[in-house]
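In the two complexes that follow, chain A is the common piece, with chain B as its partner first and chain C second.
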Partner chain A sequence: MNKINSLQLAVTFIITRLSAEMLLIPGELIKYGPNRFYAILFAKVIVLLLYLPAVFITLRFKGDNFITATMRRSPLLAGFLGLLFTMGITCIIADTVINLQLYITDTLLHSLLLITGVIMIIFAGFYGAYKGVSAVSRTSVFALCFFILLIVLIIITMMPDMDMVYLYPSFIEDGEYFIQSMTAEVSCNSELLMFAVLCANVRQKPNKTLYYLLAVFVLLEVINLIYNLVLGPFLDALEYPLYVISSLSDIVIFQRLDGIDAIVWLFASIIKISMLLVCVKQIYSTVTKKSGSTMFLAVFSLFCFGLCMIIGNDRIIYNSFQKFMNTALPIVFSGAVIPLIALIAGKKRKEKKDE
Partner chain B sequence: MSDEFLNPEQAVNITSDIEQNCTIIRALMKNSTDLLMKYAVVDKKRLVIVTIEGMVNKTILADLIYRPLTFCDISCDSGKELLSKLENELLAAEEQHQIYTFSELSRSIMAGFAVVLCEGADFALSIGAQGFAHRMISEPSTHINLRASREGFIEVIRVNIAMVRRRMKSPTLVTNLMPIASRSNTDVCVCYLDDKADKRTVGLILDRLKAIPLNTVMSGAYLQSFLEEDNSSLFSQVFVTERPDVFASKLYEGRIGIIVDGTPFALVIPGLFAESFQTMDDYTHKPFFSLFMRTLRYTAFILSALLPGLYVALCNFNPEIIRSSLLLNIYSSTQTTAFPIFGECIVMYILYEIMREAGLRLPRTVGHAVSIVGGLVIGEITVSAGLMSAPVVLIIAATGLCSFAVPDLYDSCMFLRLVFILAGGIFGLFGITVAGVILLFRLCSKSAYGVPYMSPFAPIKPKGIIRDTLVRMGWRFLSKSDITATELKGNGKEDNK
Partner chain C sequence: MNKLRIAGAVSVLLLVLSLCGCIRYVELSDRAIVQAMGVDYLPDKGIYRISMQYFAQSSEGSKNQIDKTQANVLKSIGEGKSILQAVNNASLLTGKALLLSENRIIILGKEACRLDLKGIMEFFISNFHSHPQTYFACGENTAEEILDIRFKEGYVSSQHLIDIIDNAAALGKSSNEYAYTTMAQLMGGTKSTVLPLLKTEELATDGTIPPGGGNSSGGSGDKKEQQKETTVVPCGVVIFSDGTAKDKADEDVTMGIRLFYNAVEEITITINTDNNRTAALTLYDICTEITPRSIGDTLTFEVNTTAHARFDDRGSIGEVDTKGIEDAISKAESEIEACMKKALDKAKGCRADIFGLENALRNKNPEYYRAVKDNIGDVLFSAEFNLKAKCLPFSLGLQSF
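Entry: the complex of A and B
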């Protein structure tokens, strides 16, 4: 099995999380003020709790993932859980690809056809997954470097436009909205699913990867702060706030940074898609006990392409799908409930052995 | 006939009949005109000295063999005894050994040895008298620097090994010389520091070299594809150098070096991406200068691969990113040209590469003419004739200049540039990003003998990056610890697929 270290996986998770930040539709979910600060904070606490089953699995089964642990108990159960988990991942891949395609059409390339965009994004993701978990995690280091460069440039260039008045305390004024924001924030954490599978690929202590949560928390809050300080009350009306802020930045060579912003997000999202495909490949390999799974990966990528075309072609289906994804159900179910079942199943087997 | 004599596995032994031996040698060499056979008589026994014209030094031959044989006064009972006495008492060459088969004899005379056969002896004496004409040690034509050594490898393997030994006077420096390729019998020398190099990698490289199925090897580049783990890649995992000082310093980092006879370019394994941006000057100047120069080289590499593609993408799809004043200039210049920017870039790029290739292969005097034609006609006239816009000429010229800042990656850059122009021209920044991500996936999945190709950037090793990759720390810091190629490995399982 390919092995990576916990730092590499943490960097990949940070990139995955940052890519999700682009795919939020802030206009629907986020109001200005510090509400989002608390939404992010609470969401991180919830995500940390959701990680617990996967963490316990790595502790109990010496670094194995949930699917390997269940395979020892029953291949049938493992196959069933693997299928449910793959469904969760498929939803996230479809969500990411469609939103990314929309984002590209809205920002970089207005003439891009849905089919061309989806094919290119899925192909790049497939290629990364084909190259393996090491290749994807190593590539994420470069994505993080680009992202940090972008944020630093934005902060430097937007400093004169930041206004502290926008930070007035509006604290939780609308409970329903706050919960919506928080679940949407939780729904973005597809790293939870990746961790459940990829913990088996981490050398030494996989749980050290979770330090990434702190890094992500700080990064997101910094981005959130920039949103609020620069855009203030206009944040409500914008679809991609960081893109707008980037477009206002002027760094001498370029009049605006929005192109670079779009490149970074695209880069990060392809890494996320690749990593999700790696997870599916690994589940398939474990359940079928086959080492070569390139053909399966290609077929699964084609399936994702078809799904994206169906969802992306119809606005009504897309909206319903988006609402479903914002409930965080796929994340919670696949990332926490399935590992919890695996944890119990693994435990039962151990008890029988003891008897 | 010759094959059975040359094949070491079907070794045909030298006989005690000197005439028969001479007949076999002539037949073996197809009566080649450069085969010299000098007969002599010592103590009433016939001797023959076999050499190849031009491969031996005539002075050495006269001093070491002809003169002692002419004035010797020894008496022996048999040819065997005579040859033994010649070997032990009379002839005092640095290299001399007994040979028993015609394949050994053939290899010896081809390598510049003089072989002495004696009537009644079923073996021969091989005496080192090499003295073929060769280029003198001179400044390397590539990797030129300001303050480091001016010596470059030459075509003679023994001289090259000596140059490395002079720089690494350590008993742990191992040089393993062996012939490869069944027809050309080219000598290759595998060099490594026994206490630094990974033994498994050394064994693997030796096995691969022995298994190379080529009949002839004329250059180290012939071996490269057999030593690389990913032949289809644009980027080579074998580092090539013409400098003995660079070669020696790589050995100190635990790499394995291969010197090939007949070429001044030595190979170093494993070769990493970051090494293409390092020069000897980085170590002879102050660290801040090295940091600046390396940053420039990385920037030059990125610009060289991406600049034309980005230009096409920005002009065609995202002009709002470019400053208004610059954009106006670009558009005003394109108004008078015949082609769209995408077409202009492709045509200009191809013209540039043709000019470079022509300038490279032509004799120097004509090469200058090509430069003038390129500079004046392509640059000036095409713009004034309205065929190309000035910004495109500038972009391609700047790109060409940047690519020379990192000469090791020129080939890769040349191809990448075309890919990015196409990606940028068809899909804009979206295409460039997708192509870039795929390229990074590919680069990050590569490893050379267990060492990730993009190390220490990815997987990230902060100590490696700040020590001697992007930043070159001062010698006081560097002297505290070493990083060898083995330490850059993961756990051996950290590989793609």
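Entry: the complex of A and C
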């Protein structure tokens, strides 16, 4: 099994979460004002709680993830949970691919065909998954460096255009928006699912990886602060605020940083898709007890491609799907409920043995 | 295994190379790179008229794209029942696909200013991906007459227009807000903003010696002949409230507006001293702070402007004439206050929050703001204002007193 350390996994998780910031949260859920600062904070606390079942599994069944732990006790239940879990991951992959494709057509290549975009993204994701968790996590270090560079350049270049008058002290002003925004924030944390599977690949204590939440929290608050200080109330009208801000940034030879911005997001999303495919590959290997699963990976990637084409081709289906994803149900169910079921099933099995 | 890898890499490369056929693309040389755009509305016909200045490429290669001896600009016009239709019709004359991401300025004609500004701006920012740092300006008459003038200064004609606006704004005689800052202002409760106002004017340029010199006239001296040239002149700003143009502001009022904004770099004030002599003061480091205070239902805005004053011409004021300096400074302060008062009266008349009062109220008194948010326009314009200016005199880098 490909092994990585907890820091590598944490970096991958940071990149995964940041890619969702641009692509998965709809523009109407990024509004001007203090609400989102609190939504980010509360979402992180909720996500930390959702991690608990997966964390308990790593503590209880040392070196095992939920699927291996269940497999040892009930292969049938493991197969069933694996299937449910894979459905959750499939939804997230489809959501990421379609939104990335929309992002590319909305910002860079306006005439890019859906099929072309989806093929390229899925193929890149498949290649990453084929190379394995170690290669993808190493790549995410580069992506994070790019991202940090982008944010630093934006802060430096936009400093004169930041207007402190746009900030105002206040608590949650709009309860309904706050709940929506917080739910969307939670729905972006697909790392929950990755952690449930990849904790078995971490050399040291996998729980150390969760420190990434602190780094993500700080980064997201900084990004939100930049949104508010530069764009002010105009933020309410924008679909991709960071893209607009980066297009305003000029630094010496870099006239407009939106190109770098688009590359970083493309890079980050492909890493996320690769990692999700790695998880599916690992579940398949564990349940079927087969070590070579490249063919399955290729078939599953093709299935994802078909699904993306169906959802992406019809605006009504896409809107309903997006609404469903923003409820955070797939994340909560696959990332927390399934590991919890595995944990309870493991405990009951032990109680029976004890009797 | 290595052969397999090489075969895989080659097939991926071929796949990637063949993907370009799946993307519709337009070569740069087949694009009309729009540099400036004018939007006019013809109310009698109920149609929009779009005029565009677009970049004329001198060659296809990387060298000599810009021939500085030429105007480097072509013009195209189009009419339509909607802006989109008019833009599309304007592109027909160019024979090329439009590229608006390099557009530097969008000028609205007099009639177009009476339409919903936010709608027009959103159209250009979202539909045509205009750069968020595009300038928006208003023409005193039509936008087209301004774009008819093709400057040879700068790499492209629109660059000179931008320079004119920027320079006027730095001196407090016009405004130079980017599209995104203007949009942020329009998102406020009163949907107010200001845009620079431009007009065309025929100005006498350099005196030139006629062909043949002065000898042809038979006189002894060289006779000079004045040439006239039509150019663009900044002449204040247009005040928008509730999303549409309400009134114009002359240069004095514009100066007051810009002082509220903290957007004036330097002002020169001339003061009459004794014996019909004048002293010239340059104010710099100008900073205005707006502090809202609410006592019961009464809202008061304390507007404090501070500046450093440099005596560029002392007139009859001596180096150690403390009273003379004090009097001059006091006059300068009164002049600033009067200028800001004029701007305030104008804004109140238009019911336009062009000073960022709503932002200041939200920033410094959020509880009060939340209470009056739905009625913000009435609250802001019924508030009291205490305008105070304070100048600190400097002379040749040394404090005079």
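Rule of thumb we're sticking to: the second predicted complex is superposed on the first by the 350 of 355 C-alpha atoms of A that agree within 3 Å, B and C clash if a C-alpha of one lies under 4 Å from a C-alpha of the other, contacts with A are read in each partner's own complex, and residues count from 1 in each chain.
In the analysis below, a contact is a pair of C-beta atoms (placed from the backbone, for glycine too) under 8 Å apart; a residue touches a chain by one contact, two chains touch by 3 or more.
These numbers come from a predicted model, not from an experiment.
Of the two partner chains placed by superposition, only chain C is touched by A:Val244; chain B is not. In the superposed model, A:Thr327 lies in contact with neither chain B nor chain C.
By the touch criterion defined above, A:Ser285 lies against neither chain B nor chain C after alignment on the C-alpha atoms of chain A.
Of the two partner chains placed by the overlay, only chain B lies in contact with A:Gly132; chain C stays clear of it.
In the superposed pair of complexes, A:Leu112 makes contact with chain B and with chain C alike.
In the superposition on chain A, contact is made by A:Phe234 with chain C only, not with chain B. Touching more residues of chain A than its counterpart among chain B and chain C is B.
Within the superposed three-chain model, A:Ile263 lies in touch with chain B and out of touch with chain C [touch as defined at top]. When the two structures are aligned on the shared chain, A:Arg203 is found in touch with chain B, with no touch to chain C. Once the two complexes are overlaid on the shared chain, A:Gln180 sits clear of chain B and of chain C alike.
Overlap of the chain B and chain C interfaces on chain A comprises residues 109, 112, 116, 120, 256. Here chain A touches chain C in the complex through residues 32, 109, 111-113, 115-116, 119-120, 163-170, 173, 231-234, 236-237, 244, 247-248, 256, going by the rule given at the top. Chain B makes touch with chain A in their complex at residues 314, 317-318, 320-324, 427-434, 436-438, 440-442, 444-445, 452, 454, 457-460, 490-491, 493-497.
Residues of chain C touching chain A in their complex: 19, 22-25, 122, 131-133, 178, 180-181, 183-184, 187-188, 356, 359-360, 362-363, 366, 369-370. Per the touch definition, chain A reaches chain B in the complex via residues 1-5, 7-8, 11, 104, 108-109, 112, 116-117, 120-121, 123-124, 127-128, 130-132, 134-139, 141-142, 203, 253-256, 258-259, 262-263, 266-267, 270-271, 274.
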